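Read through the structure below, which is laid out as structure tokens, and then see the notes.
Lettered A, B and C in written order, each chain numbered from 1.
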Amino acid sequence: MDFGINFASILLGGLAAGTVLFIISVGLSVTMGLMGFVNLAHGAFAMFGGYVIVLAMNRAQLGFGVALALGFLVTAALSVGLERLLYRRLYRAGELDQVLFTIGLIFIFIAGITLAVGPESQPISLPAALRGQLNLGFVQYRTYSVFLIVVGLLIVAGIWLAFERTRIGAQIRATVDNRRMAESLGINVDRLFTITFAFGSGIAALGGGLGAEFLGLDPQYALKYLVYFLIAVSVGGLGSVVGVYLASLLLGTLDFVLKLYLPQGGTIFIYALTILLLLWRPQGLLGRKEA
Amino acid sequence: MSEVSSAVAAPPLAGAAIDHPAARVLIGRHRWRWWEALPWIAALAFYFAFPDYLGFGTQLLVGILFALALDLALGYAGIITLGHAAFFGTGAYTVGLLAFHGIWSEPISGLLLAAAAAAVVGLASGLVLLRTKGLTLLMLTICTMALLQEGANMAHDFTGGFDGLPSLDIAPVLGMFEFNPLYANTQYLYTLAVLWLCFLFVRTLVYSPFGQSLTGIRENMLRMHAVGAPVRRRLVICYVISAAIAGIAGGLWAQTNAYVNLSALDLDRSATVLIILILGGYGRLYGAFIGAVAYMALEHFLARIYPTAWQLELGLLLVLVALFARNGILGLGEGLWRRYHIRSGS
Amino acid sequence: MTEIRLETRALSRQFGALLAVQDIDFRLAAGARHALIGPNGAGKTTFINLLAGLLSPSRGRVLLQGLDVTGKTQAERVKLGLARTFQINRLFRGLTVLENVCISVAERVGAAPSMIYPVGRRTDVIDEAMRLLEMLKLTAEAGRRVSELPYGRQRLVEIAIAIGLKPQVLLLDEPAAGVPSAESHIILDAIESLPEQLAVLIIEHDMDLVFRFARRVTVMVSGALFAEGTPREIEANAQVRAIYLGQAGRG
């Protein structure tokens, strides 16, 4: 019985961690699958959004929900600006230029935030309703973690439905599948990119804010967790929402468990597992195989 | 292994039957030009002109060697990697572990061992990684490097973990020239000599038919398959050589600093060498030199004073280079040269 | 009995629900001058890709000089005597025309793995490449970057690279596509000066070229072999004419 409770609470902790990873990374997976653009700076958008949300709550005394909405909108707006002005010019460029460009963006974001807000970690205070423990029947667990898991499920369900049921979702799927054909069908691919990019960055902002309590929020955020976002996306498979969800949960749970039992260098297993998995399936768990 | 014997086979020596400017260019491409002596003259001049900066100078030369190694893989074969610190670190730790635990401290043979160890890692990872491309390949290079870094961290009893291995005892070069921790004259000349030898090797490789086939692979891999080239074999060989030279750079780093720690295996180190190479201009032998000088000089003077401003400026520089100057400083130079030639009608 | 250089048996290739190439039995003999024609989307390029090894078949076999090469890679097939050109140029754009052809020749003569001696030492490779360029009237542009050449001239470089491999079987995918009609004779002259015993398969839409070059013509429709015969027989075939109504033809 004791083992069951332990197991359940570990599982919940891992799922919560994985959910945060998912919320941040899903945007990256979709835009990479859609645009084929190696956007290493995606974590910087999550960081930026997280800062907007946390500062809105701490300094402007805004409510949790309002702050989240603000973070989403401001980050989405910023990403539209960057996409139209800069990203757009590099769509046809080689992978190397894209890597270089996005590394440069990361540095600009980190330096910008350090100069604007300072290098310290930002404190985050959760709204009263989400603090404390929740009685789930078989186990008592942190309310906030359960909240995160539920939000993650809603997001993955929402995005999946949007892909399957809406017209724009169908357009995105068609373009991911075969861009040239989609263009010849009259789909405005440029506008699709911008919308998807904005949405993906906005959701990443939510992830940055929601996950701040768990991952912390300091200017090094964009670099610290970069490898994790990339692992979630490449293991899940570019362009697959369900894929990145599964990969994130797997990665989050594994990391959580390893931190508990092997605090010294448990991450080595994560890297080894990623290598093995990508060698076995280079396209990721649910990614499209290159013809 | 006919590939090995044909690598050193002596070719026919008869002069070309057909005389044509294009043929002449190709035949004479490998000849030394007068300005190729400049970097070495400058390096020697530096030795005499700035005796107080020889420590910095030594690290600059190490940086050039590392960037040169990456240029082989990235600039000539087109393998996009953010994990080259794996080989730098392997070389560094090979030297460091052998010296720290009192097993081996002779510097020149230490470098050879570092190269060999890095080559082994390069072969193991290359055989496996180079089946993939794009994001998958990038991820695998990062994960391989991170794996090694975590491994070194876990074995901290042996490797010193986060703190590393300090005060390495390195024997005098050729039994005569001692490393002086306060005055880096021996380190500088030693590093310069090693850089020169490695550069000769890389230059020969680049101008050889093997080097030309690497360029072909970079320019159009499908076409290389379609002319019968064993593409993967060439890529792996190139990767192994690149790894070995990066290992030598790491070994030099450990020897001249008398210190090695986990930063040798860091993503930051991989990213920095990539930036250096692109800044200078990849796929053009001397890009490594120019990029390293430009980057490390800027960093040395700016980063000390305003580290955050330096990061911001570096970020802006990278964005601008990616957008407007993707062939780096040498590429810009080439473009200006060509425009000047067209204008002057030559 | 002329030796069969290239053969396929029941060769098929499926893409999902689409059967791009259906059950093809094909033979190419030494010395063949064979044209493959058909409407767009008939599967001709897919067929060439299967022959060359760029695609693997869903069913069936490919035999090169009597050897089963179905599982072999492109490079392996090249070493066994096959060469092909692509429908859209695949060249080393940053390199000069001469360097492009040198790479191909160097691979063939086994000079390519050499690491110690410079390219300039292999004057045999350079000479042979220059002679190839002469044959295709590319001498004037030998020192220019491929990316600077007009598309039609680049097409000739594409062919030079394939010929530089001195193949036993040559597959040309629309070699004249993009070449101004005033210059397409250069391609024909080059093919005519190739060894007699070389087996050549050419995909073409330009009927003039087909009639001047081909001794046998195969018509492919919707992935299957529709008709085969001499150019005259195909021209006279009413069904073929019906399919080609509206397409550029002769007469």
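Observations on the model:
Criterion: a residue touches a chain if its C-beta (ideal position, glycine included) is under 8 Å from a C-beta of that chain, and two chains touch if they have at least 3 such contacts.
This is a predicted model, so every value here is computed, not measured.
Chains that count as touching both chain B and chain C, per the definition above, do not exist in this structure.
Across the structure, the highest number of inter-chain C-beta contacts is found for B-C. A comparison of C-alpha centroids places B closest to the centre of the full protein. With centres taken as mean Cα positions, chain C sits 41 Å from chain B. Measuring from the averaged C-alpha position of chain A to that of chain B gives a distance of 34 Å. Chain A and chain C have Cα centroids lying 48 Å from one another. By the touch criterion stated above, chain C contacts chain B in their complex at residues 52, 54, 73-75, 78-79, 83-84, 86, 90-99, 102-104, 106-108, 110-127, 130-131, 139, 142-143, 161, 164-165. Within the complex formed with chain C, the residues of chain B that make contact are 3, 6-18, 20-23, 25-31, 204-205, 207-213, 215-216, 219-220, 222-231, 234.
If you check the complex, the residues on chain A that touch chain B are 32, 38, 86, 89-90, 93-101, 103-112, 114-115, 119, 223, 227, 230-231, 234, 238, 264-265, 267-268, 271-272, 274-275, 278-279, 282-283.
The residues of chain B lying in touch with chain A in their complex are 74, 80, 82, 128, 131-132, 134-136, 138-140, 142-144, 146-147, 150-151, 153-154, 267, 271, 274-275, 278, 282, 308-309, 311-312, 314-319, 321-323, 326.
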